[in-house]
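Once you scroll down, you'll see the structures, which are given as structure tokens.
Common to both upcoming complexes is chain A, partnered first by chain B, then by chain C.
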Partner chain A sequence: MKRHSFRLYRHYVALNIRSSMQYKSSFMFTILGQTIATVSTLLSLIFIFQRFPVIKGFTLNDVILCAGIVQLQFSIAEMWARGFDRFAVTVRRAEFDRILLRPRNHVLQVLGSQFELSRIGRLIQGIIMIVYGVIKAQVNWTFLKGLTLFNMIVCGTLLFSGLHMIRAGLCFFTLQGLEFMNIFTDGFREHGKYPLSIYGDKFLLICTIVIPYTLTQYYPLLYLIGKRTDWWLPWSPLPSLLFLIPCWLIWRIGVRHYQSAGS
Partner chain B sequence: MKKYFSFFRLRLAMGLQYRTAAIAGLVTQFFWGFMLIGAYRAFYESNPSAFPMSFQAMVSYIWLQQAFLAVFITWRYDEDIFTMITDGGISYELARPVDLYGMWYAKNLAMRLSEAMLRFAPVLLLAMVLPHPFRLGRPASAAHFFLFLLTMVVGLLLTVAFLMIIYGLAMKTISPTGVRLFFPAIVEFMSGQIIPIPFFPEKLRKIAELLPFAGMQNVPLRIYSGDLSGTPMVTAVVLQFFWLLVFLGIGKLLLSSAEKRAVVQGG
Partner chain C sequence: MIHLENVVKTYKVARRGTGTRETLRAFFRRDYTEIRALDGLSFDIPDGEIVGLLGPNGAGKSTAIKILSGILYPDSGTVECNGFVPYKDRMRYTREIGVVFGQRTQLFWDVPVGDSYALLKDIYDIPDDVFNENLEEMTALLRLEKLLTTPARQLSLGQRMRCELAASLLHSPKILFLDEPTIGLDAASKLAVRKFVRDVNERRQTTVILTTHDMQDVEALSERVMMIGKGKLLLNGTLSDIRREGESLDESLVEFYRQIELDNREEEEDLS
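Our next item is the complex of A and B:
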């Protein structure tokens, strides 16, 4: 059964990729647009750090590494959880009825309904920034540092995906897109390019307890760039997975509450 | 003139319908402002003497930027115009007994104004009652405030005039994708929407202040707090008017030449 689901998901993804490849020029332009946006973000960071070489203990290279990691987490989530991100449309068109009728897992089907390959531009830029940051910030590779980076990327991606899932779960009640939820996804991508500690201790605490952003960004980053060496830091992203429980519950409650809309 | 005013009024009424979107936008902008100030505070604390503006001026800059986002944002187009250009619907526009430039200008102006009208007051009111150092300060003087209002209006007119050039180019090339992507990215950076122009390196800053894009956000927002004052302020205002006339001229020429040999796509 498990293997079966995986094969089905792979099939969904292949279908989506094939369909987006039908519009090649639009695909290229989307990627170009993302590149321009990344370049202007990088340029602004360079200008800022020319003036302030060290901000609350972090250098330009640290921040590029941090921004790259957050960008990668965000873009993988945007790619594979796009079905949740755009769920308002699915609910409004009553397409969720079809999903309920099929004898397969709902979550799997929603995930498979959309796969945004065009986000690959952001993903590649994220990787480039990470590589640049790793080389320039002189990260001495050890097995544990590799593990830290891996944990950050996996858990951060799942955190973003969980937020998309909450948004989708709430759509069952509002039938509308919830734009304020962008604060938690796009907002963190944008403002999380700096390690969250620069915003002050209180903010750091909120971003650990309410939504565990710091566990996938600030704390493991300290280990990665060698600022701290506590043994638990490589594992610090893992507790953030607990956040997926409320996300899943909100989704479940939403599904139970679903009344078909549209015709 | 009356015709253009009614285009303006219709579009304005349409825009004012989207209240839910406005509330969502409001929350987002407020949050954005808060986070930006948080980041700039960290920069300031790391070396106050390297900070190119007073911190109070920076806070005003950010709140005004968030409050009037819809006025200056370069990525907001009238999508209908691009659709018309690509699917041939433009023939209906050309058949109307009105000037294309005037009609599109009025519509775009109204679109921006309606969005800004729903949003700016709540953002500013909230920003004025926040605790220090997040609070939006008062304008530097009555004269600065007056000039701020004036340059805001000119800045809006300038931004719309710039959009008209984009529409003109799109009409000439029939494929809007390229132009709509490149130009706004440059404008966004050079008008100080990503970081304020005073944060640029010295040479680039001097160039940026002469370019038309400075008038599309940087000038009014810095006049408010008195960060731009005296002779540089007068120069900036004169430049802003100058570029407005130039952009209006270019846009008008571009549109009328595109109009003469318009290619109508579709069947």
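Our next item is the complex of A and C:
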């Protein structure tokens, strides 16, 4: 059954990619736009660091590495969880009915309904920034550091995906897009360029216990750039996965509400 | 075998006046009215029958279909289709049904229809031989050869409906729900759809539940009609129960609605 689900998901992705290839120029322009946006992000970082060589102990290269990682987390989530991101449209067009009519898991079908290949532009730029940051910040590469980076990317991607899922779950009640949820996704991508400690201790605490951003960004980053060496830091992203439980619950409640309230 | 007993379904609808002031007020305090979409609906449909569900707009037909297909929970009452409770056994029950909404598509918009079918094969885990056999049969009955390689967005409405029908039957469902399958179709396409539904019913003994406002659909397809009004079953019989001498079926139907006080004037008064 699991194997079949994976095959079905791959099939969905292939169809989505073939669909988006139908609109080549739109695809190219989207990627071009993302490139410009990312370059401007980089420039703004560079300008700021021309005035202050170090911000709360972080150098430009540390911040580029951090921004690259958050960018990568965000863009993978946007790519594969696009179905949740755009879920308001699905609900308003009553396309969720069709999902309920098929003998498959809802989440799998929503994930499969959209796959935004055009986010590959942002994704590649994230990778470039990470590679640049790793080289420039002179990360002494060890297995544990590789593992830290891997955990950050996987858990961060799932954290963003979970936020998209909450938004989708709430759509069942509002039937509208919820722009305020962008604070948590796009907002964190913007502010998460910098290690969260620069915003102060209170903010750091909120971003650990309310939405565990720091577990996929600040703490493992410290280990990555060699500021701290505690044994648990490479594993620090893993507890953030607990955040997916409330995300899933909100989604479940939304589905129940839809089925009992009608469309 | 489909069995419905005393099914009730209410919707909460936010009520608000018109104009900016009222809208602002409604933003802070909402008044809800309950609308009874189904008010104790009961009926039985034996296997292999074609049944037409009739009723004016807002009578509860779509709600009935949504409950029968497992999309919605009823507030109370019993629903049983082929031994399943639709809204509880979703995963197993949905393998046994096919649903076509005339106003919506289940095909991927930008890829050839055949590719959407291949995805359905994976969604329903249809074995190769069953899938190929069904696809061949549908292709022959609905003349799909050329359409299979065409993206859905390039199909005419009639062509698309033929493709939708095939899509909903690839997994050999035992029950087929058709919600206004001929809406907006030209005469030739309507005839093709009707003929196809009859063929499928005969060949496979598929139970067909049809909602439509086109009386010719009903005349051509269903031995049995069920009239729903205000969430209740008003008539369970045949078209001859409605038909009146010297009138078209539409006229007879309007007269029938009038007799049971279901005509639009009444409905408008209800709303005011």
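Everything below uses one rule, namely that the second predicted complex is superposed on the first by the 258 of 263 C-alpha atoms of A that agree within 3 Å, B and C clash if a C-alpha of one lies under 4 Å from a C-alpha of the other, contacts with A are read in each partner's own complex, and residues count from 1 in each chain.
Assume a contact is a pair of C-beta atoms (placed from the backbone, for glycine too) under 8 Å apart; a residue touches a chain by one contact, two chains touch by 3 or more.
Computed from a prediction, not measured in an experiment: that's the story for all the values here.
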item: First (chain B), second (chain C), both or neither touched by A:G187; value: first
item: Chain B versus chain C as contact partner of A:G33, first or second or both or neither; value: first
item: First (chain B), second (chain C), both or neither touched by A:W232; value: neither
item: Touching partner for A:S260 - first (chain B), second (chain C), both, neither; value: second
item: Partner chain in contact with A:V54 - chain B first, chain C second, else both or neither; value: first
item: Which superposed partner A:F150 touches (first chain B, second chain C, both, neither); value: neither
item: A:L43 touches, of chain B and chain C: first, second, both or neither?; value: first
item: Chain B or chain C, by number of chain A residues touched; value: B
item: Residues of chain A that lie at the interface with chain B and also at the interface with chain C; value: none
item: Touching residues (chain side chain B, partner chain A) in the complex; value: 20-21, 24-25, 27-28, 31-32, 35-36, 38-39, 42-43, 45-47, 50-52, 177-178, 181-182, 185, 188-189, 194-195, 199-201
item: Partner chain C, residues of chain A touching it in the complex; value: 4, 7-8, 11-12, 15, 18-20, 22-23, 93-95, 97-98, 100-104, 259-263
item: For the chain C and chain A complex, residues of the former touching the latter; value: 9, 11-12, 37, 63, 66, 69-73, 87, 90-92, 94-95, 97, 99, 101, 104, 106, 108-111, 115-116, 118-119, 122-125, 151
item: Parts of chain A lying in touch with chain B, wherever the complex brings them together; value: 25-26, 29, 32-33, 36-37, 40-41, 43-44, 47-48, 50-52, 54-56, 176, 178-180, 182-183, 187, 190-191, 194, 198-200, 203
